[in-house]
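Below you'll find the structures, each written out as structure tokens.
You will see two complexes here that share chain A, one where it goes with chain B and one where it goes with chain C.
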Partner chain A sequence: MTVSIETPRTLPQRRGVNWEKWGWIYMRASGVVLVVLIFGHLFVNLMVGEGVHAIDFAFVAGKWADPFWVVWDTLLLFLALIHGANGMRTIINDYAQKPGLRKVLSWALLGSTVVLLVLGALVIFTFDPCPAGSPADLLPSFCGDIN
Partner chain B sequence: MPEKSAGALADAQPVGRKQAVEQKPQGLRVSGTLYRGREGMWSWVLHRITGVSIFFFLLVHILDTALVRLSPEAYNAVIGAYQTPIMGLGEVGLVGAIGFHALNGLRIILVDFWSVGTRHQRLMFWLVWVLWAVLMIGFTPRHLMNVFGG
Partner chain C sequence: MSTATLEGQAAPTETVQSFTVTLIIRRFDPEVDSEPRWQDFDVELFATDRVLDALHKIKWEQDGSLTFRRSCAHGICGSDAMRINGRNRLACKTLIKDLDISKPIYVEAIKGLPLEKDLIVDMEPFFDAYKDVQPFLVSNTAPEKGKERFQSVADRERFDDTTKCILCAACTSSCPIFWTDGQYFGPAAIVNAHRFIFDSRDEASETRLDILNDKEGVWRCRTTFNCSEACPRGIQVTKAIAEVKQAIMRGKP
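For the complex of A and B:
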């Protein structure tokens, strides 16, 4: 009778993409970029000029009239929300022991993340800085030239 | 780790370490499996708490910003809530949480990728707090002047 013994020190063959590894890399790559994006965002919105008091509809419209800030805010939306959601996924997997609960929480997280990404992108890319019928004193000054 | 394996590894420990371990008062032992980590544990705890807090703020922040698509009046009404004194103090807490998470995140990345990062992780933990203090000293007075200065 022959007994075949598996060769020692061979790891089981894994197939396909190692998603956990790419998630791990994403947390670090996005983290480095987010340092620049978030502190730039906080500095321009809270430290320059009157800070938080200056923020209103006209302020946002003025920023998004510049493609630079459209790109900045879009990157911020996607990188931060996906980074945060993937971090929350780690935490759900750490604490939600029951498979049913883990499934519910994970799907709720995925669903809310996708909804907010789509909503945020739609808001940025369908934004109208001079909505018809709005009082002129709430609008950015450049609306006067257009209407 | 050194504390637990002290018995088995005593001979392999450098003299200074060995003495430090032996001088540890035995009466302070906690039974069971309570993990009492040092700087590394607290950096993890705080990184997790700040990460979750920022995540929930971001959910709300995307929704309030989405009101620019509804009407200038709706957006201005909601953003007005961010300009009250209480929210102004909350923003100091938010920036403090983001500041720690960002700086400690960079520390984690250095521990992972810098060849001597693990050796300096404790020093870098305290460096995070130094840089955090600099950040908050720069941010807080100016922000509170904006909030309370009218």
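For the complex of A and C:
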């Protein structure tokens, strides 16, 4: 007697980008870069020179006068925020079991992430160390030379 | 008993010490209970007894309605995976002496699969995920006439670890991702896919990698290592999953 076995199912051709895979790779890649960025940030802000006591408005203004720190902080902002948001997304997928709730939370997460990214980028790129009309004692010392 | 004479010859003067052990078992009878309930039993046991022996004693001597699965009772069939003191183990491989018997031993069914009765869960969702990864050798070429398919020792070694799986579901039901919605393939299915993906004789690795590249596939794994810790066969489950992830990224095993 012969027995015929059904052919194992063949998969439909995969279409589009596999976001789950790229999300996973992003977490690993950004994680490695973030280790350098975050510890570099902490080291420079808290340990070099006067340490934590040096941090004031002038310290931040001085840092952002240097394009190197503008790039550093922009990278830090985008990599860390998207890394965190992607982590939150996986938690939502794991614990929000109702499809409606999952949708609402995911969109809320996306919205807040975009708002924070835009605000952060605006602060970094439109930062003015010497805003006109501010009391001079709050401004960094070099403001007098510019104005 | 046939061993009576042997025991007689040895004539041990001291008796083996036994202990009274309390087991608290999560009972559920779908015809009576609306919710599972905890019930405790006192059993006289030896240090060399296993949790399965305790369950047998309860079933045979105290409460015949206690329901659980077991077949071989020697850690091969994979029927009696259960949560013992909060950890997934095989009842037939967990010795009483390895547990702290000054406290009660908690026994409940494995999590994440529908509870049917007492320690029995519906294993169908688990086996569905297993079937989905095509856990059988697929080859389009015939072996040399009169010969078997050749495989070198090194090639066999490549997937040796994942051949040990007994499909007890201890890993899958210890996985927090599997607990959430049960859509994730689960460690056991990935382990069994790994067994064929890295088999040099198999020709359907790409299909399996495609299946596991799915939204509910390997990318849902959070490397919490619960599965590696739960496996009664000592399979490095998390490592196997990581190897499948690597293979998917490379596009080949």
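Note that the second predicted complex is superposed on the first by the 135 of 147 C-alpha atoms of A that agree within 3 Å, B and C clash if a C-alpha of one lies under 4 Å from a C-alpha of the other, contacts with A are read in each partner's own complex, and residues count from 1 in each chain.
Basically, contacts are C-beta pairs under 8 Å (C-beta built on N, C-alpha and C of every residue); 3 or more make two chains touch, one makes a residue touch a chain.
Here the structure is a predicted model, which means the values were calculated and not measured.
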Per-residue touch tally on chain A - higher for chain B or for chain C: B
Touching partner for A:55 - first (chain B), second (chain C), both, neither: first
Which superposed partner A:23 touches (first chain B, second chain C, both, neither): second
Chain B versus chain C as contact partner of A:112, first or second or both or neither: first
First, second, both or neither for A:47, with chain B first and chain C second: first
Which of chain B and chain C A:95 touches, first, second, both or neither: second
Chain B to chain A touching residues, read off their complex: 48, 51-52, 54-55, 58-59, 62-63, 65-66, 68-69, 71-73, 75-76, 79, 82-83, 88, 91, 95, 98, 102, 105-106, 108-109, 112-113, 139, 142-143, 146-147
Chain C to chain A touching residues, read off their complex: 134, 138, 176-177, 180-181, 204, 207, 210-211, 213-215, 217, 219-220, 222, 245, 248-249
Residues on chain A engaged by chain B in the complex (per definition of touch): 28, 31-32, 34-35, 38-39, 42, 46-47, 50-53, 55-58, 60-61, 77, 80-81, 84-85, 87-88, 91, 112, 116, 119-120, 122-123, 126-128, 131, 134-135, 138-139
Sites on chain A touched by chain C in the complex: 8, 10-11, 14, 18, 20-21, 23-25, 90, 93-95, 97
